[in-house]
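Each structure below appears as structure tokens.
Shared between the two complexes below is chain A, which pairs with chain B and chain C, respectively.
Let's look at the complex of A and B:
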């Protein structure tokens, strides 16, 4: 395919050699591969809700093994790996220097792949801790800690050698991610196993970890990517850097206190529940600061969504972020929680956060970064658009079905005259919608994988062709 | 009714205090470094220029026509 080079300048070509991006390539291609593999697991789980006998007699495919594999595979195999890969891309550029150690980055990537493969083997084999988001057996969790330390050293050392005194907000968010994750992960995976940490004690720490895994790991990592790629993809300055810092610091102050809202109406102190509710409502402050900033950045630039697939993912993710972060504080109200807690509403909410928001941000980043690091064009913009619409329509179908079904389920559960099994049977149509929405989402993943891998594998051919100015 | 407090709550709140203290410390440092001052908007302009990857090759076919 004939190509042309835009914005070509001698200075830019000279600086292009600064970043080798080997680590970025390893992380991103691995993450996209795991996204597809774990997508199959997700489909199997969705099918099991509709046809409970499906693969039921094979121990490896039972729900108890598939579900943790899906959760951990999506969180650590796809999303966190993609966010780490994007961090290796973003931080050196924002700091105006090379990555501190490309070798350390590649070693981290290799270790991360060992972790994911170990997770697949152990979780399929039934070896797990039985703690939400902390299912990985302890030896594998130790490897995660080691990999995270390696990642942290590389990023902080790069930041320490930066050219510019003032750091862009994405750098702040990524540094926050690294520090918060260290505490949060250790609490969820190791403090929960301390002697005496059983029952409610263990649940308290586990939910603190689980909620903060979303709020202090995937949220700051995802926002770092969005703060970088929205201005870059639209070639428009961020609306307000000062406002972005207000959003960052309010997230830092508020988020960590909210985990106990997962145990409302449970056997924990009322004052602890009340504090978690108050801070959950206060989350609206950082959320509004972020969403307003993103939307204001796009003022006068919305037409770019017509032919910019990264922006499509980014702005859809922004709307999902607003919705999910409005839902979250509302769930934490005792009256609402009494209806939606433990129902299908919650997976609908969680999928909108992890898939609709943070995976959309990550996919936008991957679509933006991969052609650039392989110095080529995207294999197919048409396929990229197809993947976007499949994700969006499939995602909306899934989220909406689970919200409506979950609310309906909650009302039924609050009526003691309805036998429980009747509430299960009643939800079958909802789960059927979820299954077919899942097929659409999985089709989007396959197209995404094909497009990214074709871009990477075809890059040599494109590079061999002379660029036209 | 006695409102029992589990030991894990103290552990969790120890972490909360640690996080909050760290946030206060670095927040004050960031103000001293001018992040909320008159030059706080400078990084958002710089980040648009410090990435040489604007050189990504664009297709010259149908997609390029749509862009123009």
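Let's look at the complex of A and C:
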């Protein structure tokens, strides 16, 4: 493995000039912009829990319409777009060739922007499809499929023309993401609408999609970035190739079985619930294999975290990954599920996965990639450092408030002598903490946006300086 | 064997999709074939076997109400499942009567599943017949007038639109009514 990394480093320096990276620029700058725009939606939602009258009687701004916009905007506008942009950067470098087609890449980015704008308009207008995470109306979902095929063709064609025969683990994860997403997305958005797909049957497909949107789209795409950027940012070879294979192939097999754990104790066959519990516990295998590999790679290199913002995001993302993927299997135990399911604990858990882990990995990649593709240095390391601490402290504030509040809520629900409305009122302090944590996270987003845009826009003046690579 | 996939992309694609489809097909296509209650509407006339009743098709008005429920994203705050937890059957109950747990055959006509994942407001799986239309109208106009401390948004554009209000209330009154579970039969219309 060590030799492979060294070879690739040498090759990367020698072939620096072959990459034009136009597609990477389009995708990453768009993603960072949507991160900030949808961040405003997130703050409005958090405010509504504390002040329910806030923007309360305008239909477009009610919670029921803003929540799908928040979820889809963050998942597709920010995170998936950022992961795709990073894939367009990583795969050509790991293959030692140019991206197969920059024109196709830019066209994909334009289509992606059309999708996100259509999503905003349709979701606020109440044209949601009514399936969680698959809220986009069918015509928009069709555009997503087209864009995904365009992305897939570009990446697979690049892999097919590669100079290095052996593929690095990030390349597997990205190929896996493209293949699995194709089927997971079709299941959630189209198979759910087939005639006769109603009730529990539709819900089972919906949860297969929802769970695997995180497990087989954002997990492999995020891990691909982490597997690439941890060795790159620390200039250290990956600890173990064999262990990365264990992680990858166990993820490929185990994840898809667990959808029904979203309906534990609910109206779905008991034996299917039990299967989903067994496989949820088995998720610990791919997670621990990956986390051990990341931590072992950093052995003797931890001092680098002091002055390397990308590594700070990558390693705190790794710790959040370990935690969120310990929570997941534990929630699927019937006894724990009876307390935490449907409570505010769950958004705490979901945000640690999507924000704390996969957005941290994506931001690490953006901080690493943007100065390099614009052949300049980051506008401000100090501001980048500030953004990290705002994300970390705001994130921890939000996660812990929601876990404690959710657990408390679950205990109260299990005592039916407490009227339901009392369990709502009891949570107001928790939601206030969440709102202020949200302001910190949003400030982190604003600093991130400012830093990245200044780096990109200021690159013209900086060209005279020697490029840092 | 899998180490060959390191350098053979076609083999990689085959293995990645193969492993995915084992679990994918067994957990999505197989269950409805094995458990018929997923597709067969609830019907029971034998009181010794549990609650009696019959799941009936939605009327046109109820369907319009169902679409409003989807449009406004109600399911993001309200679940519709009385789980197999004692506290759920008590909380979904009414006037001291416990509600039966939800079963797949009660949801066969639901063309958009509304089970939900988050209970910011109370569960609605047995809301049908608990409150009158007048109560719902006042509640949609401003939930805090009836339930102090509630954080539900007001829905004036529904409360002030008789067509939409009637449709949405008609839909809500169907929730949980496939099973006749209240001995006094004291359901509001």
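Quick note on the criterion: the second predicted complex is superposed on the first by the 449 of 469 C-alpha atoms of A that agree within 3 Å, B and C clash if a C-alpha of one lies under 4 Å from a C-alpha of the other, contacts with A are read in each partner's own complex, and residues count from 1 in each chain.
Note that a residue touches a chain if its C-beta (ideal position, glycine included) is under 8 Å from a C-beta of that chain, and two chains touch if they have at least 3 such contacts.
Computed from a predicted model, the values in this text were never measured in an experiment.
J.: Should chain B and chain C be called a clash or a fit once both complexes are overlaid on chain A?
T.: Pair status: clash.
J.: Would you check which partner chain A:362 touches, where first means chain B only, second means chain C only, and both and neither mean what they say?
T.: neither
J.: Examine A:52 and indicate which partner it touches, taking first as chain B and second as chain C; both and neither are also allowed.
T.: A:52: touches chain C, not chain B.
J.: A:62 in the overlay: touching chain B, chain C, both, or neither? Say first, second, both or neither.
T.: second
J.: Determine, under the contact definition given at the top, whether A:415 touches first (chain B), second (chain C), both, or neither.
T.: second
J.: Looking at A:131, would you say it contacts chain B, chain C, both, or neither? Reply first, second, both or neither.
T.: A:131 contacts chain C only, not chain B.
J.: Go through the superposed model and pick first if A:346 touches only chain B, second if only chain C, both, or neither.
T.: second
J.: Quick check for you: in the superposed arrangement, does A:235 touch first (chain B), second (chain C), both or neither?
T.: first
J.: Going by the contact rule set out at the top, does A:257 touch chain B (first), chain C (second), both, or neither?
T.: A:257: touches chain B and chain C.
J.: Once the structures are superposed on A, label A:277 by its partner contacts, choosing first (chain B), second (chain C), both or neither.
T.: Touch partners of A:277: none, neither chain B nor chain C.
J.: Using the superposition on chain A as set up above, list the residues of chain A that contact both chain B and chain C.
T.: 165-167, 179-180, 183, 187, 191, 196, 200-202, 204-205, 208, 245, 249, 252-253, 256-257, 259-260, 268-269, 272
J.: Mind listing the chain A positions that touch chain C in their complex?
T.: 48-49, 52, 56-57, 59, 62-65, 67-68, 126-132, 156, 159-160, 165-167, 172, 175-176, 179-180, 183, 187, 191, 196, 198-206, 208, 216, 245, 249, 252-257, 259-260, 262-263, 265-269, 272, 275-276, 279, 338, 342-343, 346-347, 413-416, 420-422, 424-425
J.: Across the complex, what residues on chain A touch chain B?
T.: Per the touch definition, chain A meets chain B at residues 1-8, 11-13, 15-16, 18, 93-94, 96, 164-170, 179-180, 183, 187, 191, 196-197, 200-202, 204-205, 208, 228, 231-232, 235, 237-238, 240-242, 245-246, 249, 252-253, 256-257, 259-260, 268-272, 306-307, 371-373, 375-377, 381, 462, 467-468.
J.: Would you pull the chain B residues touching chain A in the complex into a rising list?
T.: 3-9, 11-12, 15-16, 18-20, 22-23, 26-27, 30, 33-36, 39-48, 50-61, 63-64, 66-67
J.: Quick check on the complex: what are the chain C residues that touch chain A?
T.: Touch residues, chain C against chain A: 2-3, 5-7, 9, 12-13, 15-17, 19-20, 22-24, 26-28, 31-32, 34-35, 37-39, 70-77, 79, 81, 83-88, 90-91, 101-104, 106-122, 144, 147-157.
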